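Heads up, the next two complexes both have subunit A, just with different partners, subunit B and then subunit C.
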Partner chain A sequence: MAKRKAKNYNHHTLVPKHEKLSEKQKNDLLKEFKCNLGELPKLLATDAAIMDMNPKVDDVFKIHRFSRTEGISVFYRVVVDE
Partner chain B sequence: MESTLKNYKDKLPIKLLDEIRENTPKGVSSSRVKKIADAVLEEFSSSQVEPGESVGIVSAESLGEPGTQMTLNTFHFAGVAEMNVTMGLPRIIEILDGRKKIATPMMEIYLKSPYNKGKDIKKIAESIKESELKEFIIEVDINIAEINIDVKLNTAKLKEAGIKDQEIIKVVEKLSKNCTAKINDSSLLIKLKGKDQNINELYKIKEKIKSIYISGIKGVSQVLPVRREDEFIIITAGTNLKDILELEFVDDKKTVSNDIYEIESVLGIEAARQAMINEIFKVIETQGLNIDIRHIMLVSDVICNLGKIKGITRYGIVSEKPSVLARASFETPIRHLINASMIGEVDELNSVIENVMLNQPIPVGTGIMKLYSK
Partner chain C sequence: MEENLPIYKKVKAISFGKISPKLIRKMASVKIVTPELYDREGYPVDGGLMDIRMGVIDPGLKCKTCGSKLKECIGHFGYVELARPVIHISYAKLILDILRKICRDCGVVLGEKLKPEEDAKEKKVDVLDAKKASARAPKTGVKCQSCNAKQFKIIIEKPTSYFEDGKRLSPIEVRTRLERLRDDDLPKLGLNPKVFRPEWTVLTLLAIPPVTIRPSITLESGERSEDDLTHKLGDIVRINQRLFENINAGAPEIIIEDLWDLLQYHVTTFFDNAVPQLPPARHRSGQPLKTITERIKSKEGRIRHNLAGKRTNFSARTVISPDSMLDLNEVGIPKQVAMKLTVPERATKWNMDFLKKFIEKGPKEYPGANYVVRPDGRKKKISDETKEQLLEELQPGYIVERHIMDGDISIFNRQPSLHRMSMMCHKIRVLPGLTFRLNPAVCAPYNADFDGDEMNLHIPQSEEARAEAEILMMVHTQLISPRYGLSIIGCNMDAISGNYILTKHMSIPKEEAVQLLASIGVDDFKRLPDKETVTGKEVFSVILPEDFSFTGKTREGNPVKIEKGKIKEGFMDKANLGEGHGLMLRNIHKNYGAKEALDILGKIFRLGIRTLQINGLTAALSDTDLTQKGKESVEKILADAKEVVNKLIDDYHNHKLDAFPGRSVEETLELKILETLNKARNNAGKIVQETVDKSKHTSIIIDSGAKGNVISMAQMAAIVGQQALRGKRMEKGYEDRTLSCFEKNDLSPKARGFVENSFKKGLTPYEFFFMSQTGRDSLMDTALRTPKSGYLYRRLANSMQDLKVAYDKTVRDASEKIVQFKYGGDGIDVSKSEGGIVNVKKIIESTR
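Moving on to the complex of A and B:
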């Protein structure tokens, strides 16, 4: 059985698009939601979906989820380690 | 129309915008499109959940009440006797508790274009199945006089599975440091090396020889090719998503497992959340129940909130609650209270359950408002 080389499955139908926010976008987001980083949902730095995006602690990812009710819904997660 | 709807891009969800596009007749003036969109926007914002609404309790009741009507706990596949799938209430409990070991792990393997047409589907399915050497053995003989083992192999079956003699010799010789294997036609001869020839050693090898892993994907114990719509897929009992996705003929866009933890480790937490929603919804659908998917989405969001799966158990999300009284009100209250008193924990009384216990207004609905002075 021949094996594939690439081990990136970000094109899988279950995996939504993850997008890293810039520092400015991050601050705008926190201002808009009137919250601090610790209050956002978490995303582990070792998560399989962001492995090749070089995630650092406190990075914020914008996630374009596929939703049955909305079409596409936007969600944010902050990177934490463990 | 497009230019008018552009202004509503951030205010309305994509699906509603599409619906407006579909249902508005062509050639309608932009001012009327604006009127329509405004009416939709008003309706949309009035139907949104209001601040302070106790969505958690509503979800719990909406999932709990139909749950009492669930029947049929397993589902059988025609053709394979041992293959049944946990469905119904046990499956829902399993997912929401975030169990690491699920009762019936299975995969749905989609294949890439030339392979999914049904040609050789049986052969492909068999090649995935984990097989041990005992499936290819007809007879095992121990010759005590000459101190060797004679294993009769089913050559026809070996040929079908595409296993070469060399592979068998390699795995057999790995069993013990001082044994050699040889294949003549259909018999495998195992001898001990050197002068130290011990019958006990031989018996040990004989026991081990049956359960040697020889081909396929580890963990896949049953395979079943099934026709779904106009393509063939393979349903398996037992999962190993990581190794399956590495195979070249597997469609790595659609192949899924029903083990949420496995999906989390291979595809990430967001994929696990989506898989969890799909799995719960599948159970509810097959039971003929009607639960709004938003309740399931809310529960899945809570479980996946911390970046890893935290089931709704006293070891999962309940243990993450900051309030002592809230934790104590779920399960094992005495342990929580003793531990909290030993380290001097403070309860801020910010949430619902602790205020119910103390007979105070709860922060829900109009109770969420507080007076602030500048």
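Moving on to the complex of A and C:
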């Protein structure tokens, strides 16, 4: 198969907004949920939704999803490399 | 306390290896030297197979090794020294693989490069790779890359003999070859040298399992009967001894070899008595011995029978049948079951006389008792002989296991138990008959019907279990489904159509109304208007709470208005009473609580059924009669459609048909025909709906939502419609036609599966044939889909079974990993909502 250049899907209407958390926001998050990075849901570093945001392992992304009952529902994912 | 401390360690890996002779010797508490079991006094012989150092199997004795009593001592291994080594049958194949892979002289792995250290480190092979390696086994003629020795082909003569170039390799030779393998080379063969040395697969010592896993039974005659394993071990030890003696006496090699082979046979069958090439070892009665492999394997083996197949006491199972006169939280059970299942009741000075009555009746009379448990835990069966003595003996502290009676707590279950409503707590009602009885309203959560379904009943045995069952599992606590927030239990079928008729059409003399209400369990008639005749709405209103107000809609969207416990407008149907709908029920639940809602639901259900018993409900053939006008318009619709289709076909043949974008002309024709015919069927359906007599019972059943739909009504009254197979009209079957009674390439509706008759009128033979084709297809489809989707659901449920909502409202798995940051993404508890939605506006309004 021919290798196609990966496309940036971040601005597609069906891709929920991804936002990288600052180091402080990240620590606040971990404090709020009393958990460590390993207990957060994961996100691949190569995920098309975040590829233009220079993701590094252990970065945390905040995801704003549309919800019929809540309007916007937030979710967090930590970047992993495999 | 130390054992209460949590363990902060996790299992990272488990490695499986083979026990070494060294370890066998080390862990053994006895060396077995004689096949004798007991001496003349019947006492176990020292160094025999029942040596008491291997554990206790007799009550009262203490273990000579660990000092524990029966059941506390788990048993201890012994060992026998084998006179000559034997092959372990489970490793026969592995041994062959290894022998073929290594040099017969120096033990190096053949065909490898000369620097084994680097290789071994680089790739860690697992056992599966070793199997692949055996496929590359070198053939005769290959030379060792290390010592240049010529190799020969090695074959196995099953089960345990190896031959190299026609000469037999004795287990001793096999063992020496395996010994030559260096630890460094083992990973190449998929072996871990820390837990597995290949020569351990040729046994020099045999571990003797503890007596606790092969206990002997004392028969009634006082004779001892030994376990199959003990028999087999006896054979091994006996032959082993003879072999020792013959070797020491310098017997001829032939005799020694024979004994050696016999020893091999016994050791092999000790491990596995179903080796294909060997005759199984048998009892004197001729039945094969059950040795180690047979104990573990198969459906009756340890794993599937004992570990995976658990059984429960104090449970019953039988066919279910309906009884709408029972409360929803009751279950009717046969007397025969009630006399087998018991509840333990502790005697105190206050209930002595009460309990004595049960003992007096005994196990054969209801309500009696089956057992008395003494304070020391000894169980005594109540019988005619023991009755008098037990009555005298009974005092506070004793436990009487009495028969279950009306009002006792039970847990009722129907498999497959897919959700928590599949096991609910019901109160016992002992009834005549041989089936479990349940209110048909609770069929929905159990997914039960009465075509022969069976259900299970469990009786909790402790106060705590009963309390939990009552508080957490009682039917009324399960009314609102946690899946969609509406009542999962509601009215169905007759209960819906009955209430529909009652609240829509009926009006009856007051006297009858009182009787009707009395028969469903209402005894307060004050709210019935003081009139000669009362309407059905007024009768129904009596059941509703006095201050209940509700506005909703019927199925067809007409308003329903209840004010101060009286129906002012509209009537009851599936939208307000049905399972999984029932907005009115949901509101009663919210305002008056679960118990009240369940009580009202039971009354509504019975009211519907009683109404039908008085009024009658019969589906008649004439219910589907159309008016003359209706008939004509259906015929007209059909004729018009046929004309359109014929026109389309003509256009197609004259090449005047334009193709849709992206479609061929043939596909376009098919689509257009299908569309025309479906439109015709739908229009005919509409005609039926408009012209059919609404007061007829078949219509009532459909309109109330009790069962059926307008499509099937139209199929009975007007046209059945197009039969489709895989989304297309019927195709082929024969060459270029569906059936031999049509011309080739006939595209007309009737030749392609359009059934223009109604079920009532009757089908032509070819229509019947087309219907049977689609019928077969959909039957196969459901038959194949049900187990598939069932298994899919099971896997899904199992994968999520230990997810829980933590106190911070996150959803976490068993290892505290976060799955959702807010339950459901929005934090709504569906069971507290209405259909998954919290209507804030409504809540504010209701608080005004």
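The rule is simple: the second predicted complex is superposed on the first by the 75 of 82 C-alpha atoms of A that agree within 3 Å, B and C clash if a C-alpha of one lies under 4 Å from a C-alpha of the other, contacts with A are read in each partner's own complex, and residues count from 1 in each chain.
Simple rule for what comes next: contacts are C-beta pairs under 8 Å (C-beta built on N, C-alpha and C of every residue); 3 or more make two chains touch, one makes a residue touch a chain.
In this text, all values refer to a predicted model and were calculated from it rather than measured experimentally.
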Touching partner for A:24 - first (subunit B), second (subunit C), both, neither: neither
Which of subunit B and subunit C A:35 touches, first, second, both or neither: second
Partner chain(s) touched by A:49 [first = subunit B, second = subunit C, both, neither]: first
Touched partner set for A:76, first subunit B, second subunit C, both or neither: second
Intersection of subunit A interface sets (partners subunit B, subunit C): 41, 65, 67, 69-70, 73, 75
Residue ranges of subunit C in contact with subunit A within the complex: 808, 810, 812, 815-822, 825-828, 836-838
Complex interface listing, subunit A residues touching subunit C: 33-35, 38-41, 65, 67, 69-70, 73-76
Subunit A to subunit B touching residues, read off their complex: 1-4, 7, 9, 11-16, 18, 41-44, 47-50, 63, 65-73, 75, 77, 80
Subunit A-facing residues of subunit B, complex: 13-15, 18, 127, 245-249, 252-254, 256, 263-271, 274-275, 293-294, 297, 301, 304-308
